[in-house]
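Note that the chains take the letters A, B, C and D in the order they are written out, and that residue 1 is the start of every chain.
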């Protein structure tokens, strides 16, 4: 039989003024199963908690109801007190007679009657509570970082420097990401590679980091602390253990006319190549799609010249499997493909800007390569068509961004800053040239950002035109940029036409190709644009809704370098926090399946936001499959109960908010 | 000379009963079907259908009978179990319906005397109508009685030429009711009885021995596959009497109810362990037949079937107990019972040739 | 047509592609057909098909006591095709477990109406074919009309209507047993910890049972009407189901049983689902 | 049909999600916003946990109206529980209406943890509305039969 203790708190005057607490205690004393009911000024005070502890021991209570403030306020307090007296903390419930009663009602009779009912509800609930025990989950102290751009590098280094193991997976032959492509960075104009490459080297040398480049995550299963990750190591055709990185193979490779991805097509590379001089690891791969040996079977020069015999045409993709405790996703961004449009997303391109048609219409990353000392022009701003220094350059912002009609509705955020930087760099290198910038707004919120833009305009003389460009066409070897200057009125209607030598489009930032597939492998959410979804936009911007998976950098939303680095360090801190003990302890509010009655429709699986429903096969003695039934992975379950309400046969229940409990609570309201 | 009730006086009879504060129950049309129900006025009586959808058993053994109600106090439980059924005239049942009452009397009274059943029985006067027609589901004659049998009735009305019923007072209760409502009856020379007898369709005597000998028989694996496992047959049956006693309530109190239950439900024999000794629908059908024609007969000397045909007319998949009894009759004729002491001969050739993929 | 049907059943059984064919068998009259279970190629002549074949045979596909280990052939009207689509969608068996023998009748229930074989073989083909056949046709117009009549009443009048209808319910569960979608091992009404739905055949329990059953069919009921036909007490259960199906269609643009590969509407959502009723 | 009885005080049973509406009601309390005492809340994890049977059971226990309230779309603590709930209630309230339960007795709202004022105003509004509807005697008839 239940032996319930009820403790009515006055909360000083807060409850006592409107609720007749002695009367509530007297009524509660008459409820079936209640063996002890008292009221007291401050239940949460030491003496108040002492009363509860004493009663638990003296009256051998099997459950406790504290009628006081909101359980969101003091439930932990009273549960702890119960635990200290030897009662399982989950056998304690609170009736909220302050926030939900005394503070919101004025008439004492009504408030007291309501308080009595609220106590009755919790008495009936607690009679059906069961002792629950925190769920312990072991933690594998090894993190996986997906993506070796600046965010991934930062996260990996922070975790590794925190003393934990890291596996870093990068799909390209080298880590470094887009930051390695940049010339200088705003607002300080320090050289991007100069600040990045030491960190890349640190990654490669770090004893706690295992680096897999030219590799992709094949599959992920498991849950927080216990992921099983399979990684595909794509066939490099080069044995990186043997390879010394001497570069002879690339020098001798006869296939030299392949547009370089690193140089955004402005420079050329060979079929066996390292993406750039400072690549980490500095070991080449063979681009099988362009290699003569792979295309025709003839050639084999690189194998012949390799002094250590590292070239291996027969190499195949291999797989490694890693036990992982936490995952940081840092897959970064790409630029909006405005030439082809993004048909998969139902977005048209900007054919009117002539990209692909006119060699001298380039995008922001191409400009970076032109301005970079390691770039195809050695840092000279020369136009791609004829290699001449452009006298007039037009920069167009918001190409694809902030364009609901044929682009993306969001602001790509970094363009205002990098276009200012581009204009500045251009002026520094082509002193007599003119830089025009078409803009919608200037968004330069950031430390020293607005000052930077002002410098571009005021010191370096960039001409900012507020308006949009409607069309670009050629006249002779010039590009005619036709647009509107909305600040100009008059008969011309603000129409402007600029004769330019080169046009730079600040195209929108997009998440990397394949992000949706990766998100599905990881069971994390993504928005309509493919950006990965954080657990809470304000308070949990680094976590995902899948416990143990964190986000860093532009995969979560548009970001500049300092923001990406900051989030990466945040993710690393989350991982280190998770790894700070050998076991995870979770509140035991989880769902449970009655497998003997489950019919395996798996609606529960479909409504579970955490992929906590697993399938289990039931077999008879002869090994024949009898049924497939659902099973809750308590490590993943967050206890929302969506599965319970979806189950037609009531074959799932939620600990702490069970069917029996709710049934009786409603009954308590008669 | 005999006592007669002119057909046009039927309503007067009912009105008389109502005036004497009887609850009057009879066939009435509701939402397109004809049911036994309390009649609000004599005009609601509907004798269009050969047989009603429900049987009369629910006026003696209701689908849910409250045995007691209880209220939970702090330390004690308050119980109320007063029971006083209304005085009732039940008109319009058939000879098969009435016969079911005799069999139910034995069931509910052989050991513990079921207070609720017998109080309702005592309070009810049963006026039965002999049948002037039958349909293909009727088989009372196969069970050894007929459409003008008097068993279980207090008064039997036999339709006769001349738009009148011949009134047979069967019991004292019936005679008392006739005395109470004497105005509506007349004395006269009866016309010829208009009673229709269905033909006999199987040999009842062969059924029980065959069932006793053939607990395992391919029939069970082949003939009952379509059964959906609903309770229609058993709930419409005037004889099926299985019930479940449930406490229905919540934290304040509740009621202990005696509710109909059905051997055709998968949960009927489910053990707490999870084991179910009747795991397949076919095994539940076998139980239904054996209960009706073996166990009940052994215990009470009569079959728990009155041939009313309701289970046949209402089965959603047209599984007919009559067809199966005819089949068993044929089987029994093809493989007669062995003389005492001999080894059973087993199943007939036709069945032996069948290897079934079904398990029961 | 019946010869084609039998020929396909004969082939399936003869070639060992299925261990069992479930179809309609001849009763005492053309109107009185009933489900038959055929395991031998030489017994296919027991199969018939006519406009009176109204039992939804898909109900047997989840009956563990009669399903053989191998594949099963099913004489499938549009109702069965759609039922199978829902059952496959709900993981009750793999699509290749059931070999559908598609049939259809121009006007089910009408004497002499023409019947024909469906062309599709796979579930996907048959789903498309059935969708095409049913396009623009409401096979249950009378039901829809009665739903409208009820909708025109006040809530009080409707409550009185259903109170009267449900008062006849004897809790025989013929509705549930005849329904292919009611495949739960243990129905909610048979759960007693807690007993949400009183099991006694009384007004409250009857109301809860019938309303919750209709809700449990949301986005799943294909409108075959088996429940209403099975009900021995003539309760118009099809009205409840038709109402729910219409709401699902109007709110989520979904009709059950035309595509087994999409998620069921009650286990999925759109962020822009309607919510004008939420304050 | 609609009667306003001076003595009639409706009983409204509310099912609230822990993270938004329950917290919003807490905020109404901390802000000392007054509202009628007719509402009785049962705290659950999420609107996604709330089953149709809870509503029916509430009517069985004499509720004159029921309220389900949780997080605004997109704000669910568990990401999507309220989206599933919204579909459930879209269908169930129509079914209840069709089965004879006045939709004015079956209420839904989104109230966030910050909307203490919305909560207090909502309770005042629905209490007045249900008071005007009068006691749910027609359902009581079924419960008692």
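Here is the rule we use: a contact is a pair of C-beta atoms (placed from the backbone, for glycine too) under 8 Å apart; a residue touches a chain by one contact, two chains touch by 3 or more.
This structure is a prediction, so every number in the text was calculated from the model and none was measured.
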Review point. Which neighbours does subunit A have in common with subunit C?
Key: B, D
Study note, to complete from the structure: In terms of CA centroids, furthest away from subunit C sits chain A
Review point. How far is the middle of subunit B from the middle of subunit C, if each middle is the mean of its Cα atoms, in Å?
Key: 31
Revision key, fill the gap. Taking each chain's mean CA coordinate, subunit A and subunit D are separated, in whole Å, by 36
Review point. Measuring from the mean C-alpha position of subunit B to the mean C-alpha position of subunit D, what distance in angstrom results?
Key: 47
**Study point:** For subunit A, residues that touch 2 or more chains besides their own
**Key:** 596, 607, 646, 663-664, 667, 670
Practice item. Note the residues in subunit C that touch 2 or more other chains, in rising order. Key: 186, 188, 196, 202, 266-268
Check your understanding: Can you list the subunit D residues in contact with two or more other chains?
Key -> 57, 80, 84, 88
Practice item. Let me know each pair of chains that touch one another. Key: A-B, A-C, A-D, B-C, C-D
Review point. In their shared complex, at which residues does subunit D touch subunit A?
Key: 11, 13, 18, 22-23, 25-30, 32-37, 40-46, 48-51, 54, 57-58, 61-63, 77-81, 84-85, 88, 120
Practice item. Within their complex, state which residues of subunit A touch subunit C. Key: 596-603, 606-607, 624, 626, 628, 646, 648-651, 659-660, 663-664
**Study point:** Residue ranges of subunit A in contact with subunit B within the complex
**Key:** 30-32, 34, 124, 596, 663-664, 667-668, 670
Study note, to complete from the structure: Note: in the complex, subunit C contacts subunit B through residues 19-20, 27-28, 32-37, 39, 55, 59-60, 63, 65-66, 68, 164-165, 168, 170-174, 176-178, 186, 190, 192, 195, 198-202, 205, 226, 229-230, 232-236
**Study point:** Touching residues on subunit D, where the partner in the complex is subunit C
**Key:** 1, 52-53, 56-57, 60, 73-74, 80, 83-84, 86-103, 107-110, 122, 138-139, 141-143, 145
